[in-house]
Amino acid sequence: MATVRVQREDFDAGLEAAALARGRRDVGAVASFVGYCRDEGGTLAALDLEHYPGMAEAEMARVAAEAEARWPLIGVTAIHRFGTIAPGEQIVFVAVASAHRGEAFAAAEMLMDYLKARAPFWKRAIRADGTVEGWVAAKEADDASAARWGAAEP
Amino acid sequence: MATVRVQREDFDAGLEAAALARGRRDVGAVASFVGYCRDEGGTLAALDLEHYPGMAEAEMARVAAEAEARWPLIGVTAIHRFGTIAPGEQIVFVAVASAHRGEAFAAAEMLMDYLKARAPFWKRAIRADGTVEGWVAAKEADDASAARWGAAEP
Amino acid sequence: MKLIYFAWVRERVGKSEEDLDLPPEVTTVGDLIVWLSGRGENYAYAFEKPATVRAALDRVHARREAVIAGAKEVAFFPPMTGG
Amino acid sequence: MKLIYFAWVRERVGKSEEDLDLPPEVTTVGDLIVWLSGRGENYAYAFEKPATVRAALDRVHARREAVIAGAKEVAFFPPMTGG
């Protein structure tokens, strides 16, 4: 059963990853990922992250369920923040526990690719000079990353 | 510059992964992995891990340097324990920081594949019934995992 | 029908949500986009490049040919840029 | 020459390390394996399936044809099973 959270506040990635193995003796591998806000060479002051409440959680849960259907996973956690996020801060987290490392890595990477392509979040850049830039355009590379798992278009 | 440690004591995986991004604004992605000791359906009491002191650290550093030569990485940490390790305990850790998630995932997975195939560690299983089993045989799958990165045979 | 807009679709339409009675000829998501585009400059602007607007029916991604009858909530938004 | 053994190679040889004077005809790792195998049953047992034994020269993986002259330390061990 996957744990999915959409929240404004920060999270403790180490604690979340360790929780997947705690008290268990059948977990052989935990692969985890944290996406951070970069300052893009000093030009970015913050990101403003809008989301679709309700659908964001539902879509992340669907993505996690697809990973669980594809590989024999023991646990999945996915967390995505919204609101104003400064450079150096955490934005997104996924972790996958399984018996063996191959499926843990593959599932974690698939989760990130799917989250980026399908979870209803939109970033706006606030520049260091105070200007609020337009919305970040989706990268075709992200759709391509999701497509390589054989995904249907969102 | 990679951080490599070979140690008997446990480690704090969350702290190690977070340290790669702490105080930085150019890290966009940290992929990390923890390998745990499984109890193999209740039959395993512990693993006894022997290593080649000096060579273990050197080989892990070479593996990390190969990952750094292949991808634009910001930081790499690899830790491997030795000694007696019980089911549920952590054995091995790798974490990779980079600007983008693709290279962080790829480098972390390559590091694990290479570590398993090349770092001089040997496992012996201590069974739940008290018998000390022979040495764990290397899996051909591990050599194949390392080979897919185009590695020379160790 | 409850309509919800996000990100620059919301900004162009000028509101984050509204309740509209849809005429009977509007049966699919694609029909709804065409109908909305004729309701004013703000909608026309939001949907000027329809390929860049995504839709969801009751919080599930929906294609243009998806039938909206029975849905409680239709959302329009740009391609996702989370993660 | 310092020789070091690990895991079941160590157990079969019966010691973890030793210092040996190598005869001049032993120039490669492969030569050393053949020479050691003739030194007693314990060595013959350790190297009975030479393909399953790996070698390192001064803590770097070495193939059978690697020349050992100049090395301070030769190690023999089974395929690695860490990680």
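A few points about this structure:
We just call them A, B, C and D in the order they show up, numbering each chain from 1.
Methods note: a residue touches a chain if its C-beta (ideal position, glycine included) is under 8 Å from a C-beta of that chain, and two chains touch if they have at least 3 such contacts.
This structure is a prediction, so every number in the text was calculated from the model and none was measured.
The minimum number of touch steps linking chain B to chain D comes to 1.
Shared contact partners of chain A and chain D, listed by label: B.
One finds 26 Å separating the Cα centroids of chain A and chain C.
Spacing of chain B relative to chain C, judged by their CA centroids, is 48 angstrom.
Separating the CA-averaged centres of chain C and chain D is a span of 72 Å. Touching of two or more other chains is recorded for residues 35, 112 of chain A. Chain pairs that touch one another, listed by label: A-B, A-C, B-D. Across the complex, chain C meets chain A through its residues 4, 6-8, 54, 56, 59-61, 63, 75, 77-83. Within the complex formed with chain C, the residues of chain A that make contact are 35, 49-52, 54-55, 58-59, 80, 91-92, 112, 115-124, 134-138, 142-143, 153-154.
Across the interface of their complex, chain A is touched by residues 12-15, 17-18, 21, 23-39, 42, 87-88, 99, 101-102, 104-105, 108-109, 112, 145 of chain B.
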